[in-house]
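Think of it as A, B, C and D in the order they're written, each chain with its own count starting at 1.
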Amino acid sequence: MIKINKHIVSEHGISEDEFKLIKEILQREPNLLELGIFSVMWSEHCSYKSTKKWLKTLPTSGEKVICGPGENAGIIDIGDNEAIVFKMESHNHPSFIEPYQGAATGVGGIMRDVFTMGARPIANLNSLRFGSPKHPKTKQLLSGVVKGIGDYGNCVGVPTVGGECNFHESYNNNILVNAMCIGLVKKNKIFYSIAKGFGNPIIYVGAKTGRDGIHGATMASAEFDDHSEDSRPQVQVGDPFMEKLLLESCQELMKDDAIIAIQDMGAAGLTSSSFEMASKGSCGVKLFLDKVPCREDKMTPYEMMLSETQERMLMVIKPSKKKSTLRIFKKWGLEAAEIGVITKTGNMEIFFNNSLVGKLPIKPLADSSPEYDRPSEKPFIKFKKENHKNFSIKSALIKIISSPNHSSKKWIYHQYDRSVMCDTYFSSEQSDSAVIRVHNSTKAIAVTCDCNPIYCNSNPKLGAEIGVAESWRNLIASGADPIAITDNLNFGNPEKKEIMYQIKEAIKGIKTACEALNYPVVSGNVSLYNETKNKSIFPTPVIGGVGVIKNISRSKGLRMNEGDKIFIVGNSHGHLELSEFNRICNKNFGSPPPLDLKEEIKNGNFVRNFIKKYNSIVTGCHDISEGGIILALAELAIRNEKGLNIKIPSNVKNSKNWLFGEDQSRYLLIVNNEDIIKKVAKKENIKLQEIATVSGDKFCIIKKFEISVKKLIKYNNIWFENFIEK
Amino acid sequence: MPKKVVSIVVFPGSNCDRDLDIAVQKYMDVNTELVWHDDPNIKNQEMIFIPGGFSFGDYLRSGALATKSPAMKEVIRLSKKGVPIIGICNGFQILTECKLLDGALIDNYKRLFICKENFVKIENKNTQFTKNIHKNVVQFPIAHAQGRFYTSEDNLKRLEDNNQIVFKYSSRDGKINKSENPNGSMNNIAGIINKNKNILGLMPHPERAVNFSEDNDGISFFRGLQNLL
Amino acid sequence: MNLRKLLKMIYRVYINFKKGILDPEAEAIKRTIDSMGYKTIKNISKGKFFDIEISSSKNTLGDLEKISSDLLSNPIIENFKIIKK
Amino acid sequence: MNLRKLLKMIYRVYINFKKGILDPEAEAIKRTIDSMGYKTIKNISKGKFFDIEISSSKNTLGDLEKISSDLLSNPIIENFKIIKK
């Protein structure tokens, strides 16, 4: 038996204080197995010890919320006995080490979180951040991650309908791969992870357990050091075929009322799934590890409890349904085993070779998991002095649309099956949010992922507020009523005061915006320690928003027809600080544009109601965000392969500021009747400006310049082609 | 009169079976029977579909492992009796792996999965599967990683001489050139038929082109199959 | 050494593309190698192999032949070769 | 035989999964072989190889090592082995 010493304790990422607490809980020294279990349960990844205190402040309830944070995923009500289950999760560290498998298993993990609750996944999204395109690793990471996401979702047969992909040097050694999944479930067929019923069997199903990712959960919470690239890390290989079998067999099993509780084995595998189920149901568990299906010889209890082999599920079922359950798994060719039983002791008792090898009290372990109020301090942001450049309007536009961040992402989304399941109405290149029909109905769901880390770096609170508002706006532009969000908080090391400041401020920002917009947080994920050699990523709180469209025929995309008029809804002040325009000019300082949430609501409700009431007048809608008015217009021209005659209003003093400014709360509405919109806007006291007419095949700013749309398209496609092919 | 019944063979990794089922029922005005891959009997032998997806994960080669399923053995037997059989995407791959159709479908030229809308020219309108489609060029999405049709030069010539090439990737107005070839297929081939003209395989997905608008081309594809029954 | 071990044998089945089939992967690798500046690499081709552990029977090789031609390789595009390890 | 031909050599680089790494493909193939009724096949594992034609230089092996570890294989999940053909 290995003697637990200081070294082993610290190897497990457990502090001295935490170790003391462990001894108090157990009233003795833990053995290695028990220590391992504590270490994963109390890791940042599983316990949220640095953020719990702040996450609790988020608004999580609302009229439409069926299940908020705390379960595998959040659930909202969309009427007609139907509900939407969704969550976002990060797989940042694994994807940096092995981009293909890391990203693939990230998609697999989030889909399991969703279908565990009884839902059928109907759409996947992803939010990706890579380092500078000049960084030697970027190309390979990009290719691997995109292929990994595509291959996994494509094989399972869930459409990958959208997301975002950006490049910035702060992610050079810490890329971000955040995957989001949306599922559809009948309201009376939702499954939870609350274990119940003494004597009920615990069933294991799915892939056999190997030595994959042991310490994966602790790895994800420890800062990278110089060696981690060569020291053989534990990467998991994903098996999307196995996932498909699990999905279909669970769906079949859920038709019956066999399942009492169900939970996927994600981070910290068997340990966290069994602990969470038992802790939620306030019961105890006996596990018989000899029964666990293993892929390899001589696996120890420590390895079995900590393995992160993918594509496994744990469930508590009714004893009377054991036979039929096993029959269903057999039909799908899956390995299933009864590995334990629910008890009333409140303890987790682990048996191996007929002896008790570990015994832990479940509630105390879960309840006394550490919660820190780490010190924070506003960072001082230094700006390098750089040579500013200047551009004409035309050359700035070309520069922006052919830059990595604003180039066409065709190369990416062509690798994603967007049309499987036949319910994708708009994938995210066709509309501000992806629109997915609720199968067999006229309803639809709109989904989007958003974050602007440049804004968040300068002002994390305002940046996060803008992220929430932008996702709200994207949903409205697609014709949806925004309902709720999931979030994925990606930050550096919380033990540093400046990072803790960013985290707290970003959460405050999310809280402020969500409260104002009546847009609760129903699920989420936190990824910390995204830093290498002391250099942290920009704060990146990604927001995944979900909205509902009552009638799919009223959803809007980036569409326009010859002769249509385009109007700007909202005030344009010409805020250029931190804008795309300033960034290409090498001006990287300043503050994000101010956000007035009252105005956000007012403009948003105007657009929302106008689309609903005057559906046939509105050809399309687009929000104005990065790159300002001009980029929003150029995107419309490129998307539709149609020309625009753009007239800058006569009272505009500085047309560069006006065209490229990134003021918030604005939309472009494309309409085929100008009188009605003018009348309604006037009545509702909404700022409305006519900006363009759809005409011909040139993108023309009157009295400034013109360029053929064909050329714009070429500029828009060129970067990815060159980057990948070379 | 009771509706006729069409069979759809389902593998554990099929994922276009539901979409196909819906399209077939709705536009062919028939009932369907989903045949599980390990069922050696196919009761309804009027017509058989092999759907798209990733049968058995598409491990080894797409469609290869599926050829050993009991249901496929039955499909092979029935094919000899002239039963009309259509394989879409993975279904096409399975049919070539079973040698019911010529050639092989290998990695796309750029070695990437590709999903996009595509135009497809109907090269042979004299087949029982295509004679009722009014248009010459249809729009069907594609979604595959192994869709590059390959066969020997001799075989290719035979296919052409026998009019066995049914679909080719084309431009909107039916031009067939390299720039419209999404995956590097020989001669832009998107779908072929066997010599006896009862087995059709195609990579594009007509069952995904039936939604949201009444003039989507998948609808006329499936409507056109009605007369086969 | 026990008897069971003796009876087990490992065969390796090599599979590669037939001549004349374009292998874009090998080509892409070749281009990358060129761009990395290795001047001595003249040509590169790709294949796969399976190591198959078989408990000997009368028809070991016959079975292997059949599995290789029937399942592991597709004769339209690939060749195979079985070698005892 | 001419001189140029003499100077060319072919090396084969074998690549396979490290021990303990899940190989879902090999498992799926094994299941199919089982279902086909071959009882003698006990185990199957998979790998790939590259045949590399190289015009000899001082550092042939060094170059090959580097290409194999940097490009052909993924050292996180795979091993490689170079053998002269």
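To be clear about the criterion, a contact is a pair of C-beta atoms (placed from the backbone, for glycine too) under 8 Å apart; a residue touches a chain by one contact, two chains touch by 3 or more.
These numbers come from a predicted model, not from an experiment.
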Interface with more contacting C-beta pairs, comparing B-D to A-B: A-B
Distance from chain D to chain A - Cα centre to Cα centre, in angstrom: 38
Inter-chain centre distance, chain A versus chain C - centres from mean C-alpha coordinates, in Å: 41
Multi-partner residues of chain C (at least 2 other chains): 71-72
Per-residue multi-chain contacts in chain B, two or more chains: 56-57, 59-60, 65, 68
Sequence positions of chain A contacting 2 or more other chains: 239, 241-242, 333
Topology of the chain contact graph, where touching chains are joined (line, ring, star, complete, other): other
Interchain pairs in contact, sorted by label: A-B, A-D, B-C, B-D, C-D
Complex interface listing, chain C residues touching chain D: 8, 14, 26, 29, 32-33, 36, 38, 40-57, 60, 63, 67, 71-72
Chain D residues touching chain B - in the complex, by the definition given at the top: 24-25, 28-29, 32, 35-36
Residues of chain D that touch chain A when the two form their complex: 20-24, 28, 31, 74, 76-77
Chain B-facing residues of chain A, complex: 147, 150-151, 154-157, 239-242, 244-245, 248, 331-333, 413-423, 425, 437, 552
Residue ranges of chain B touching chain C (in the complex, touch as defined): 60-61, 64-65, 68, 96-97, 103-104, 106-107, 109-111, 150-152, 184
